[in-house]
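Structures incoming, each one as structure tokens.
Same chain, two partners: chain A is paired with chain B first, then with chain C.
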Partner chain A sequence: MKVLLTEMRRGEAGKVALLSGVAGVWYLLSADAATSDWIGWWNQASIKVQVFGVIVMGSLMSAAAAWTAGRARRTRADAWSDTTPRGGWAQAVLLWAAAWLWSLLVYVAMAAAAFQRTAAVSEVTAPVWSPLVLGAAMTGLQIAAGVCAGTLLPSRITAPAMGVLWYLVFVLFAFLPGVSLARLFPAIDEHWDTTFQPHTGRLLMGALWCGAAALALLALPALVRRASLSPGPLVAVPTVLAVAAGGALLTFRAPVSEPFWAVRAEQPAEPACVTEGRVRACLWPDNRHLLPQAREAARAVDRAVGPLPGFRHDFRQTGLRLVGPDSAELPVYQPVLDSGTMTEAMLSATLPSRPEGCAPHVLPETDGFPDAFLVEAVVNSRAKRPTPYYGDRFAKALERVLAAPAADQDRWLSTAAGAVGACRPVPVPPR
Partner chain B sequence: MSVESYSTAADSAPTATVEGATVRYRTVVALDGVHAQFHPGTTALLGPNGAGKTTLLSLLSTARQPDQGTVSLLGASVRGRAGVRQVRERIGVLPQSFGYYPRYTVREFVTYAAWLRRVPRAERAERVREALSLVELERYADRRMGALSGGMLRRAGIAQAVVNRPALVLLDEPTVGLDPAQRIGFRTLIRALGERSAVVMSTHLAEDVAQVCDRVHVLLEGRMRFTGTAAELCAQADSHDGTALDGSAVEAGYLAVVERNGVPA
Partner chain C sequence: MNPVLAFARSRNLPRAVAGALVLALATGVFAGTRVEIPDFRYLVDYGIPVAAVAPVAHAVVLGTTLHSPMADLEHTAAQPMALFRRLHLLALTLLAAALSALPMLFGLPADVAAASVRNAVGYLGLAGISARFFGSGLAWLLPLGTFGPTLLLGVAPDNTPEWWAWSIHAPSAAGALTTAALLWLVAFLLPTSPPRADDRAEA
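So, the complex of A and B:
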């Protein structure tokens, strides 16, 4: 333990870890909650820490480990250390453990920063650990590769080469998403909103692979270098585990277009819902913090189309089961939304979608734009939301509908909504 | 300084025996059927550069195995991982170019060496203190290795080599690069070590042999050309008066051995 602490204090890994930690914590603390895609979602917070830990910190720590591991050869200390009864494997494990413990400390600080920010937004406390565990284990594998490379090739360029190599590996696999081999070098850079939950089994299997492969890899220099004592039969344990876990990862199959490391979350027993007039909006329980915005949006929609048949009045966040033809999917792309954005999302969803394969119908009055555009513009105007500008003729057509008597306007909107949903042309706007 | 023997085997038995050892580096024969025995006390390996001294030390340190012949250390032939490990626990090595980690303090570095040499955890702190005391570096225990002078570094090198109380200590040209005062101090230290362990010291400094060593092996072109006491080596020279045992007398004896074997010195 004392030797390990000394190595942690005197080795180069500590400085690199602290540098990565400062960068990581700053990156997480300086993110703008209003535009962030993770602050407020536990899944995403965990993913962010994991991906920064692996791609940035892991690559740097691998380089630092390579540098430290080349030290014995550079200083010629290997001339005597290779003649000691502590074999090359144990020596490599010491360097690895010192660097890895540093990266774990920094990793914990980054996770704390990310979780603290998420806790400040979210109204549920449900930290997600398994991607963090995989990230920590992957960092261990990266550091082990650094130790291995630094011991076998103690050149001054080995360290920077290791850092760059890891980065290139992740870039390469990012461009080849379907390649199974990428699962053995996990850096999960995906968007898991509340409809997903981590596939704990696979994540832990990945962590097992990384840990076992790291320990097996650390034995390699001692097998290659003749002077140092070779590893004992114990090396078979991590090797067998690595082969088994790695093989399992390569064998697992995920449905096409589904993420490998996550699964669809089960339907919640009680979604978080609000009702305003005839409009009801339901969110995943993890998005309870968005209920005030959802309520305000529901009120605006109710004001605009509440009493009108043909429109949809029940909104379910993406992933929640729809409850009938009056039910619409409500996409929520980020954990922090203002009520205006939520209202726009709800207004977009209130008009039934055209059936698949249905070509849009064009109204001559709207200067050639699809008729559904005019319906949407009318709905937005009634909800006092801005509408896009499609030209003067379109604006005139919109004004004409809005100037029509309320009863005529309501009748036209209801009929139009039904027509859009049934793939029929929208009737001529009221005059 | 208390003197305690690190050897546990009967002192009359050789600590290390090399029988017919041959080592080749590609086409170069570094050792050619070398026979030698090393007993408790200090033994010098004398010879010019390239004679095979360092190669013989590497056999004794188990860093490599001979291509032919056998090496027995501490009463056992060194075979298999367990055998090598067991033997290494009782060997200390100080190579010619002593590598160290400059950012470690002396105490940390010797503690690291104690870990490498598998000194039991409970005894480690005491053994480190003992080793630092032997080399008189206690006062500098908390100084960074990178801040030590050449002589102090060599002492730290000895400390790392003896922290496991080895029965066999291998020193490869330990006094090279030291100034005269440091060299005298270092010889005293090596003599003290020789009272505890079998010390094998490669050197080409005749004065080292005269001052420190009980026995001498002369290696020339990979072959053992002389084995005996320092006095017997001195007697190899025709000019020897039979009493002098100093650097000049050793050198004369050594040159006589070289000349007799027709090897350029």
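So, the complex of A and C:
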């Protein structure tokens, strides 16, 4: 233990970990909650820390470990260190543990920062830990690779080369998402909103692979250099574990277009819902902090199309089961939304979608644009939301509809919504 | 022996220059290629030319020459070594700038070459600062430590570079140029310190 603490003080890993930690904590604390895609969602907060920990901190710590491992050769003390009563494997494990403990300390600080940001937004407390465990284990594997490379190739360029190598590995796998080998070097960079939950079994299997592979890798320098105290048969234990866990990871299959490290969350017993007039909006319970915005949006939609038949008045956040033809999917792409954005999402979903295979119809009045665009523009204008500019002729048609008597306008909108849903042309706008 | 040549040899400069030259030639071969910048979860559409990334490698390779194998002797030398150290950094910078511009022979546009030279200056400044604060052996730490987050977090969802990711800004960005110049200037002006224990211990 005392040797470990001395190595932690002596090695360069502490400085590198501190540098990574400052960058990581600053990045997590300076993120803008209004535009962030993770502050408010526990899954995402965990993923964010994991991916930063592995890609940025892990790569740098691997380089630092390689540098530390080359110290004995650089200082020409390798002959001396080879004669100590401690075997090569134990020496490598010591260097690895000293660097890994530093990275764990920083990792905990980053997780605390991310969870604190999320707790400030979310109304539920449900920290997600399994991606963090995998990330910690993966940094262990990266550091072990650094120790191994630094011991076997004690050149001054080995350390930065290790850092660059890890960056290249992650960039390469980012562009080859279907490659199974990427599961053995996990840096999970996926969007897990509230419709997903971590696949704990696979994540823990991944952590087991990383831990066992790290320990087996650390025995490699002693085996290659034929150290006087060789690792012995004990090295078979992590090797067998690594082969078994790695093999299992490569064997697992995820359904097409589904993430490997996550599964769809089960339907909640009670979604968080609000009702305003004839409009109802339901969110996942973990998103109940968005209920005030959902209420305001529902009120705006009710004012615009509430009494009109043909439009959809029941909105369910993506992933929640729809409850009939009047029910529409409500996409929520980030954990913090203002009521305006939520209103626009609901207004987009209120018009029935065309049946599959139905080609959009074009009105002469809309200047070549699909007729549904005019219906959407009228709905947005009634809700006092901005509408895209599709040209002067389209704008004139829109003005004409908005200037029509309320009863005519309502009748046209209802008929038009029904027509869009039934794949019929929208009737000519009222004059 | 000529003292300049002796200094260059003591710093393993010929080997580093050869390595950097190979890098520059490789950059020239891939002069027309762009590196797509991946970003956490965002499908950003942002790429930078390979030539603008290569200066990080130049800084890492040339930064290895900041290590002195006889730091103790140099510290107690009658001739002040601070001047030599600054001339060394200046020479490295000119070399890195020339190597960064070399791919122009392979058809690299002038504005990209300008960004490449700017990045070479900035990253060498970072290497100098890193060597001063973390030890000459860790000169690579700050260039790589800043390049990683730049590569992975440096682009905002609206496909524009973050303000702090200066090395992927457009060649004409005044802020990026100022940052690079400031980094180099800090490295140039930093006072020499006594050799660190790590440097003294190294063979």
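As a convention for this text, the second predicted complex is superposed on the first by the 429 of 431 C-alpha atoms of A that agree within 3 Å, B and C clash if a C-alpha of one lies under 4 Å from a C-alpha of the other, contacts with A are read in each partner's own complex, and residues count from 1 in each chain.
Following the convention adopted for this analysis, a residue touches a chain if its C-beta (ideal position, glycine included) is under 8 Å from a C-beta of that chain, and two chains touch if they have at least 3 such contacts.
Computed from a predicted model, the values in this text were never measured in an experiment.
Colleague: After aligning the two structures on chain A, examine chain B and chain C and state clash or fit.
Modeller: Because the two structures are overlaid on the shared chain, the partners are seen to fit without clashing.
Colleague: Is A:Ala72 touching anything from chain B or chain C once the two structures are fitted on A? First, second, both or neither.
Modeller: first
Colleague: Considering only touches as defined above, state whether A:Ser59 meets chain B (first), chain C (second), both or neither.
Modeller: The second partner, chain C, only.
Colleague: First (chain B), second (chain C), both or neither: which does A:Lys2 touch?
Modeller: After superposing on A, A:Lys2 lies in contact with chain B but is clear of chain C.
Colleague: Quick check on the superposed pair: does A:Pro160 touch chain B, chain C, both, or neither? Answer first, second, both or neither.
Modeller: Only chain C; A:Pro160 stays clear of chain B.
Colleague: Using the superposed model, determine the angle chain B, chain A, chain C defined by their C-alpha centres, to the nearest 10 degrees.
Modeller: 50
Colleague: Look at A:Val51 in the shared chain and tell me whether it touches chain B only, chain C only, both, or neither; answer first, second, both or neither.
Modeller: Second partner only.
Colleague: Contact-wise, after the overlay, does A:Val171 reach chain B, chain C, both or neither (first, second, both, neither)?
Modeller: In the superposition, A:Val171 touches chain C alone.
Colleague: For A:Ala13, decide between first (touching chain B), second (touching chain C), both and neither.
Modeller: After superposition on chain A, A:Ala13 lies in contact with neither partner.
Colleague: With both complexes overlaid on chain A, does A:Pro85 touch chain B (first), chain C (second), both or neither?
Modeller: In the superposed model, A:Pro85 contacts chain B only, not chain C.
Colleague: Looking at chain A, does chain B or chain C touch a larger number of its residues?
Modeller: Of the two chains, more chain A residues are contacted by C.
Colleague: On the combined arrangement from the superposition, state the nearest Cα-Cα distance between chain B and chain C in Å.
Modeller: The answer is 5 Å, the least C-alpha separation in the overlay.
Colleague: What part of chain A is shared between its chain B contacts and its chain C contacts?
Modeller: Residues 75-76, which sit in both footprints.
Colleague: Contact residues on chain B for chain A in the complex?
Modeller: 61-64, 81, 84-86, 88-89, 91, 93-95, 97-104, 108, 111-113, 115-118, 124, 157, 160-161
Colleague: State the interface residues of chain C toward chain A in the complex, per the touch definition above.
Modeller: Those in contact with chain A are residues 19, 36, 38, 40-42, 57, 60-61, 64, 67, 134-135, 137-138, 140-142, 144-145, 147-149, 151-153, 157, 198, 201-203.
Colleague: Under the definition above, what is the set of chain A residues touching chain B in their complex?
Modeller: Checking each residue of chain A against chain B gives 2-3, 6-7, 10, 71-72, 75-87, 91, 226-227, 229-230, 232.
Colleague: Once bound in the complex, which stretches of chain A touch chain C?
Modeller: Residues of chain A touching chain C: 12, 15-16, 19-20, 23, 27, 35, 37, 48, 51-52, 55-56, 59-60, 63-64, 67, 74-76, 156-157, 159-160, 163-164, 167, 170-171, 174-175, 189-191.
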